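The two complexes that follow have subunit A in common; it is paired with subunit B in the first and with subunit C in the second.
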Partner chain A sequence: MSEPLAILGVVGLRKEFGPLVAVDDVDFAIPVGGSLAIVGESGSGKTTVARMIVGLERPTAGAIIACGRDRSTPARGAAERRRRGGEVQIVFQDPYSSLDPRQAVTAAIDEVLRLHAADLDADARRARVGELGGLVGLDERQMRARPGALSGGQRQRVAIARALAATPRVIVLDESVAALDVSIQAQVLNLLADVRVATGVSFLLISHDLAVVRQLTEQVIVMQRGRIVERGATAAVLDDPQEPYTQLLRASVPTAGWKPRRRAGAR
Partner chain B sequence: MTALLEIEQLGVDLAVEGAQRTVLRDVSLTIGAGEAVGLVGESGSGKSMTARAVDRLLPARATVRGAIRFDGRDVLALRGAALRDYRGEVAFVFQDARAHTNPVRTIGDFMTETLRTQRKLRRPEARRRAVALLAEVGIEDGERRLGQHPHELSGGMLQRVMIATALLTEPRLLLADEPTTALDVTTQAEVMAILDDLRRDRELALLFITHDLELAGAVCDRTAVMYAGQIVEQRASHLLHDDPLHPYTAGLVAARPSISSTSPRLAAIPGRPLSAFEAPEGCAFAPRCGHADEVCVATRPDVATIDEGAARCHHAVALRGRLAEAFRV
Partner chain C sequence: MTGIPGLRGTGVVGHLCAAVMVIAAVVALAGSALSPHDANAISLSYSFVGPGGDHLFGFDGNGRDILSRLLVGARTAIAGPSIVVVLSMTVGTTIAVAAAWLGGRFDAISAIILDVLFAFPGILLAVIAAAVFGAGLQAASIALAIAYMPYIARVLRGAALRERAQQYIAALEVQGLAAWVICARHLVPNMIGLVVAQGTILFGFAMVDLAAISFIGLGVQAPQADWGVMVAGGQTGLLQGYPAESLSAGLAIIVVVIAVNVLGERLTERARGGTR
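Up next is the complex of A and B:
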């Protein structure tokens, strides 16, 4: 084949909520090992795209192809659901609500292994839990703790370790580092870069933070009111945005010497 | 510049899980009339508690040490009517605008309450002032907005309503506690521009709290950086980025990814931010600091004044000029 294989692609993706068209004719493809960002104003449909990809929402129209298989219709049976989970995992923004408060970290990771690495016996699973904990930088005390005893950054590492336990080919990160303190966010961004090198996983990153987008992705799409208004290499789009909305987004980022300006026709 | 607000060696203890724990330690900060000062730090560092102490909004059973003076008045001694008048002169804008409104009351009721009940203004006059202020923050159809409820307004619109409301009593100092953190970046830019304009037009002093150094620098002449309940550096905002005096400030700058370049790895600060009561003896930043030595671990550093700035670090003078460099990978 001459075309590079896409690990995740969507074609003509559309989602209606009653009269509202939340996602309108969205196309993109992430090459194997690649990393793509979706940016755009609040309500532009980013999370809805992510939810359709992981099967939490059913598309009104369009195709979603992950690892060469269509997943735009609901999975038929547990085996197919499991296979899909082994292909694409998602990490949400809120490290506080995405974990079971009664479950210790080791048990939370073990649970995913039981589902997605059924060939491992108890000893092998225990070893793998330890490995994953080490990969995301959690120490033994933290691995024994319940989520309530962990900081936000530590909980986000647990969520990432759980996603990795399914050995997915793609991880969807929906504002996964937005709530973190600057110093912790840098640790998690480094961790994500390391994981990518170590496992070849691809990222679909949804973020309002253009600096995070630049750090983590090679390609970017810009959404406005459900549609893609601009796309391209991340560096090119951020350095030389073409569409008025992308230009406004870029100009709104506070950097050294930035002065906020009022604009006409604000909402 | 004459000082409008003087915070002197402020210390605060709060009840945490049944015990009194220190959350602020030896915080000193001055704001001149019409001056904008940024207060920057990670979560739990004590930014909100500092602002709450100034507005006398600390939780019940808080223990307060030190002094706060506003225009010569002893803020910590104010009671009754004097405290109410003071709160008209020092207004507060919170991070989560929605949580500070009542969903069943109209914007009009919310905005004009203080004017009607405390200033004894008649309803039409209070509404007229509210509409005028809404126009100042870029909301032209104010009359209609007064009849709406909070859920009918977007986050950015609601935060502008909060700023307009804070200004109704014509305060001389505005305490803005992460007013744009819940907003997306284009709306944040708009709200910041409004704050900046208002401040200049009305010669309003501003304490602007944020975790974003660059954002503070955009509207504040001077920025104070907090860590573990203490101010660790104070400096002209435009110097913080390239000539920081404290290792923590340099670390914060270096840890942020850049919008104009990528590096394979970010210079992350190891460990996590601490609250004052979790911090060790000696320098609170020592467990995370690449320059820590025995002196740092043994004794708590005092504030050293360096040029126009100040830093709470034993080695600030020796490290000067090398901090920003050391982090550049």
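Up next is the complex of A and C:
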């Protein structure tokens, strides 16, 4: 793969927690406008990769380049911190702890706009907050509410709107729909697909749910114990997995008529 | 149940306690205006004379009006603990939040310093402060603030760590907000329930300790009216069968401390089991 126009790329990424190697020699690149999924079971290191990309963990080795700029070391100074925030955003898994319980939705989004769109005056910010609310499908009453008054799906919409307020080029979706029940999950997935069309943002999707991966991304990498074991176009990898581990992941997905079998046999 | 927003969930008792505190605060601010007589006017012919006329509580051994001295004495009795609370809460919260946020070396070093401070009882520090800076309310209050700060810092560090682990804090970091802005605007406001609760309980402790320090003569100095000074000054009357001065001042301390502690406990309970 050679894409000079990668919006986000990592090279030789490694993370050690004491003696444990959580992420080992991970490489990938997301082309401008493209989306990539990282799949793997719990403990495969996929969330650690996400946390390093947004700067919540510091890599032990390797480089992370977003929008042509390295971000593998901590930001120096307010301007760089703000610029990084405007490049890559994240939506977390747990919609119940990802919003400040004391802050109404409009205030939360307005706070981001003050930081990332400092040229907007109060009226323009109010208009932009309304626009973002409309984009993620929140009505005016919900926009005035505090998180405690909103359901999990609504909160996740708020988290998406807050991420979008920074006008990022990439949004990391760290199991962002995993905590929602299935019908809400479908709504949020449709919303994310629409957002992508409307804004041209790239997604880095961290998931263990292969159906979600198929809906949102073109490229996929499969991680096991910190290493990439398979990669390729999403449809090809999911339809015709080459690695035994990927085959196992796929065989574990319940479908119509699916009967649980002993995993020991499948291994 | 309806109620004052800040007291929601503390029940009738909580509201009663708050009312006692408000009355104490009003008396502390306006005590000298409310007092019917000059609190320091001595007339030995009235020594230990009982209640009568507009002297509702009678006179102390020096013939001073006890009610007036109670009202005037509220000022130092309330001001001292207030200084302790403001100082130790400010410093304690700052250290707790910094330790939780920075972690690592700062957390370890601050823990050691707090452990050393834990070893000094408040009264001992107050005695040392009186020896070095001279007796008085200020030195005693500052000494107590230093002695209590580690307790506050330790309790709040735990709360700050819990809050720090919330994903909304991580989301704000990714947005690019400065750490101190996140702490000031989000982290501390979300633990304010516990901060207020701890401060309230601390107020009660500080009030008793400062009264004790005044009692042993290292806090507020006689003849200035102060509840602790009055408890001490009433000793001679106690021995002669005139307990009014010590009892009334002691009762005033007890009522305020109980009100403050009960309210503090209820606020803590609410903060711990708070709905998110």
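The rule is short, and it goes like this: the second predicted complex is superposed on the first by the 260 of 267 C-alpha atoms of A that agree within 3 Å, B and C clash if a C-alpha of one lies under 4 Å from a C-alpha of the other, contacts with A are read in each partner's own complex, and residues count from 1 in each chain.
The definition used in the following text is that a contact is a pair of C-beta atoms (placed from the backbone, for glycine too) under 8 Å apart; a residue touches a chain by one contact, two chains touch by 3 or more.
Every value quoted in this text rests on a predicted model; they were computed, and no experiment measured them.
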Subunit A as common anchor, with subunit B and subunit C clashing or fitting: fit
Touched partner set for A:D239, first subunit B, second subunit C, both or neither: first
Touched partner set for A:Q215, first subunit B, second subunit C, both or neither: first
Which superposed partner A:A256 touches (first subunit B, second subunit C, both, neither): first
First, second, both or neither for A:I184, with subunit B first and subunit C second: first
First, second, both or neither for A:D100, with subunit B first and subunit C second: second
Touch count on subunit A, higher of subunit B and subunit C: B
Included angle at subunit A between vectors to subunit C and subunit B, based on C-alpha centres and rounded to the nearest 10 degrees: 80
After superposition on chain A, the shortest CA separation from subunit B to subunit C (Å): 11
Contact set on subunit A toward subunit B in their complex: 41-42, 151-154, 181-187, 189-190, 193, 208-212, 214-215, 235, 238-239, 248-263, 266-267
Residue numbers on subunit A that touch subunit C, as the complex places them: 54-56, 75, 78, 81-86, 88-90, 92, 94, 96-103, 111-112, 115-116, 148, 159, 162-163, 166
Residue numbers on subunit C that touch subunit A, as the complex places them: 166-168, 170-178, 185-186, 189-190, 275-276
Subunit B residues within the subunit A interface of the complex: 42-43, 138, 154-157, 184-190, 192-194, 196-197, 211-212, 214-215, 217-219, 238, 241, 251-252, 255-273, 288
